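Chain nomenclature is as follows: A, B, C and D, assigned in order of appearance, with residue numbering initiated at 1 for each chain independently.
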Amino acid sequence: MSALQALQSKEMLVTRKNQPEDTRIEVGSYVLGSEQVVVIAGPCAVESEDILRETAFKVRAAGAMMLRGGAFKPRTSPYSFQGLGEKGLKILARVGEEMNMPVVSELMDSEDIGLLVEHVDIVQVGARNMQNFSLLRKLGRIGKPVILKRGMAATIEEWLMAAEYILAAGNPEVILCERGVRSSEPWTRNTLDLSAVALVKSLSHLPVMVDPSHGTGVRGLVAPMARAAVAAGADGLMIEVHPCPEKALSDGEQSLLPAEFSQMMRQIEGLTRVMGRRVR
Amino acid sequence: MSALQALQSKEMLVTRKNQPEDTRIEVGSYVLGSEQVVVIAGPCAVESEDILRETAFKVRAAGAMMLRGGAFKPRTSPYSFQGLGEKGLKILARVGEEMNMPVVSELMDSEDIGLLVEHVDIVQVGARNMQNFSLLRKLGRIGKPVILKRGMAATIEEWLMAAEYILAAGNPEVILCERGVRSSEPWTRNTLDLSAVALVKSLSHLPVMVDPSHGTGVRGLVAPMARAAVAAGADGLMIEVHPCPEKALSDGEQSLLPAEFSQMMRQIEGLTRVMGRRVR
Amino acid sequence: MSALQALQSKEMLVTRKNQPEDTRIEVGSYVLGSEQVVVIAGPCAVESEDILRETAFKVRAAGAMMLRGGAFKPRTSPYSFQGLGEKGLKILARVGEEMNMPVVSELMDSEDIGLLVEHVDIVQVGARNMQNFSLLRKLGRIGKPVILKRGMAATIEEWLMAAEYILAAGNPEVILCERGVRSSEPWTRNTLDLSAVALVKSLSHLPVMVDPSHGTGVRGLVAPMARAAVAAGADGLMIEVHPCPEKALSDGEQSLLPAEFSQMMRQIEGLTRVMGRRVR
Amino acid sequence: MSALQALQSKEMLVTRKNQPEDTRIEVGSYVLGSEQVVVIAGPCAVESEDILRETAFKVRAAGAMMLRGGAFKPRTSPYSFQGLGEKGLKILARVGEEMNMPVVSELMDSEDIGLLVEHVDIVQVGARNMQNFSLLRKLGRIGKPVILKRGMAATIEEWLMAAEYILAAGNPEVILCERGVRSSEPWTRNTLDLSAVALVKSLSHLPVMVDPSHGTGVRGLVAPMARAAVAAGADGLMIEVHPCPEKALSDGEQSLLPAEFSQMMRQIEGLTRVMGRRVR
């Protein structure tokens, strides 16, 4: 663990050596990095205003605080649905405002930073762009928080270093998000590494979220892994919910139905109390 | 997930299709696979009767139900401490009896099956022997429960198939134990795959435990991962505890101090209540 | 292998089903995808005009055909040397012209596409940007060849799909480059997957290169793996060479000395003859 | 690479520091660890005397030196064909004698050591038993060479340490065999790590073979990877050949037809000459 000890002693912005107390990131009336476990929910992609509004209404009723929805989608194949782009961002912003929910969406191209900053409350960097260093540097100069997902095969050190790029460029509001790493297990899409949550919380003052939807890729595993994430000390959850998963244009097989999400929230609520935290 | 669906529909002994209700394995006054979360604790290796007795006394006081201790140690180097062998088993059995704790120890060689069956309550198969199929078949003919650890790079299907070897040979009392898989993360010894717990519980009626000590290899991560394991639905925990980890002959850096174990047990107790389970 | 069969039957631009004959990419007087094994050599980063000129002179004398040198460097830490940027590209172009060697350099930000197209003969996409889909789409609209490195944990299907993004956007000149995947082996930087070379050659008409420098991260393994790559059917090699590796600003431990490179070239020459190919 | 340097300086039996010159292992008229690249071929499992005789006849005609065939098969499922056991060993020995080919077969259970030693010329330890330490120790006391396959997720250090168990127990005749490591690539059964060959040859005096059949699991990749193995410096090859792969009771999809094997041998012959080695 000498590399770990080296990091602990380094003069890096992300470390607790540099800043012992937790970074608290206020978004609307919520605080990431506080005793509140912040739950962000919504469909993988913004598909239409109606579906998004229905989803938002239901996840808010179940206790979700923020709304997610992809407008620019990083798809393995160029022939898959690529998202609605700017139109999707506008729909997301409108529905978020109606529902009084801060909104989160993914940035794929540095050209679109202005659009994202205009329409969303938190800008997400996906796993595939975790080491897109020029994008990270540019995100250091926006005035909005950034969710930085862990790369598919990134070590924890590389992930913290990627966050350091954003902090070093001037933006202290970075939220780390574990979303599973590649493994040789074929029955799950990725292997969710919850030990990374506890390890990062001990090394860094930044908030850490968990995305059990991408982290497992299997609907039935989302709730158990969401519970486990909270028990491991996560500051937030990002959950894919779709009113009709089998018709979703992407990631349907890992999206919860609104009723399943609601049941998950009740389980989480009990757990947070025991952990000295809260969801509401 | 077609392979998964294939398994669900197969006429295999390990599947819930074959046996919908949970397998319950009684050991002393405890039941693995029941509402009770069974905690097994103790040193990595049996080093001396005094150290083992001290450890057993303290972990029992903190709530541990069973005592673990290695007599035959699978060590990477032939020049590392290999365990006390039969002498170690006898010490373990004696201390277990004194403390009224069932005992668990690892079998490495089929020649020693008789010795293990004589002295321990549960025989453990380590990760390195998960696909030692002739050993598995022989364990199908003993009258004692077997803890089957997941291999270092085993898929969940291979792990269940390894259990099937034992069941097919006549022993229905198999407890699966997730202990982390090899990954490219250098800061943890292995990557603990808690999604495997939830997945196996849905596919199989066998009890599933978690070993966060080997699963992380880092003392500070054992308690968070033990909590996460319980939240994910684990039926038991296996925890390394040593009164003086820095002097342990093996795995000291991942062993909890008795006081840390005690604190962990209090956290687990709260969690199990919320989960509708119990540790006592 | 059903996914593989699916790919083989798909109407995708990268597949041999779509184009049975090899894609031949002419760069200067060389042809990638021909019987010639094209060797690209040079330092990891352009550090100074003098060092680059010395390196270029020596690798050309040893038989290298093209010159590589990073101007924009993707570094894990924001505090590491990030490359000379535009100044580096100009040095590379100047030295390439002097030596009559086509030049290759990596693009990190879509904003710099114009600069790259102006100064280099082949634009390289690094492993960290393999799924930077907006960058890939933009590279579909330039009139220069693109080397697409395999991502650190990318499957072969994802790699081919990333190439498809470039082809679908209008640029048929894509050269795939295997550079090792993440593994749990700590003694090499990555695990070079040479079976990917043979597999891609059978599925796709695109040329495939191998980078044994990043693929192993160990100087002593570069020549054996370069030989193995040629024996596996690679159409080209990319090799890091530095006149003084211990003073290199990046990747010194994997850079060959010019004399080592020269020896490697002699070995390759013999192998190519047996394989019915040539380096000169 | 500090662990590597540590190994290089250790007083271990497997290292070149302990024994600079190559270990040469004579089996019949062949020498593993010499300038000759030794090719072992045959079916995955001994299925019948007729099929084995036909295969042996054809692979010998194509240049194979030794005959392989499994009698005890490590199968993932207890319901798959498990091998003919002692009967299979006797068939193997008989056919080997008829054809004047030394024979190799896998040991799965220490109880069967006597049987193996009686009937075969080289005893093979499979990937799943690489860290079956009590088995290794017992193989240290036989007077026959041992092929030690690399474990599915074993590091090179663990593999060398496993060999050290055998050497330390008294048997200096260990042949290492790379057979691929687990990865996240679904299109190949394993990822063949040829850099391990070059690395082990530099660290250790033991002969190193490569098994491209298990290492790829894909018929069309066996010959390219066999060539690459030789180019990387392997001392031998182990190749699965079956006269009728689609009817093979195990591993048919990776077995070469005799004609394909013959073509592969001609390619290997050319390569070995360039490498200053020979197959005949």
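Basically, a contact is a pair of C-beta atoms (placed from the backbone, for glycine too) under 8 Å apart; a residue touches a chain by one contact, two chains touch by 3 or more.
Please read these numbers as outputs of a predicted model, since none were measured by experiment.
K.L.:
Tell me, which chains sit next to both chain A and chain C?
P.N.:
Shared contacts of chain A and chain C: B, D.
K.L.:
So which chain is the furthest away from chain D, centre to centre on CA atoms?
P.N.:
Farthest by centroid: A.
K.L.:
Based only on mean CA positions, could you tell me how far chain A sits from chain D in angstrom?
P.N.:
Result: the chain centres lie 47 Å from each other.
K.L.:
Let me have the rounded angstrom distance from the C-alpha centre of chain C over to the C-alpha centre of chain D, please.
P.N.:
That gives a centre separation of 33 Å.
K.L.:
Would you please write down the residue numbers of chain B that are in contact with two or more other chains?
P.N.:
Where chain B meets two or more other chains at a single residue, that happens at 153, 157, 181-184, 186.
K.L.:
Okay, in this complex, where on chain A does chain C touch?
P.N.:
These residues of chain A touch chain C: 72, 74-79, 108-111, 128-129, 131-135, 137, 151-153, 157-158, 161, 164-165, 168-169, 181-182.
K.L.:
Under the stated contact criterion, what part of chain B meets chain A in this complex?
P.N.:
1, 3-4, 153, 155-157, 181, 183-188, 191-199, 202, 215-216, 218, 220-221, 224-225, 227-233, 253, 270-271, 273-274
K.L.:
What part of chain C is in contact with chain B in the complex they form?
P.N.:
Going by the criterion above, the answer is residues 182-184, 186.
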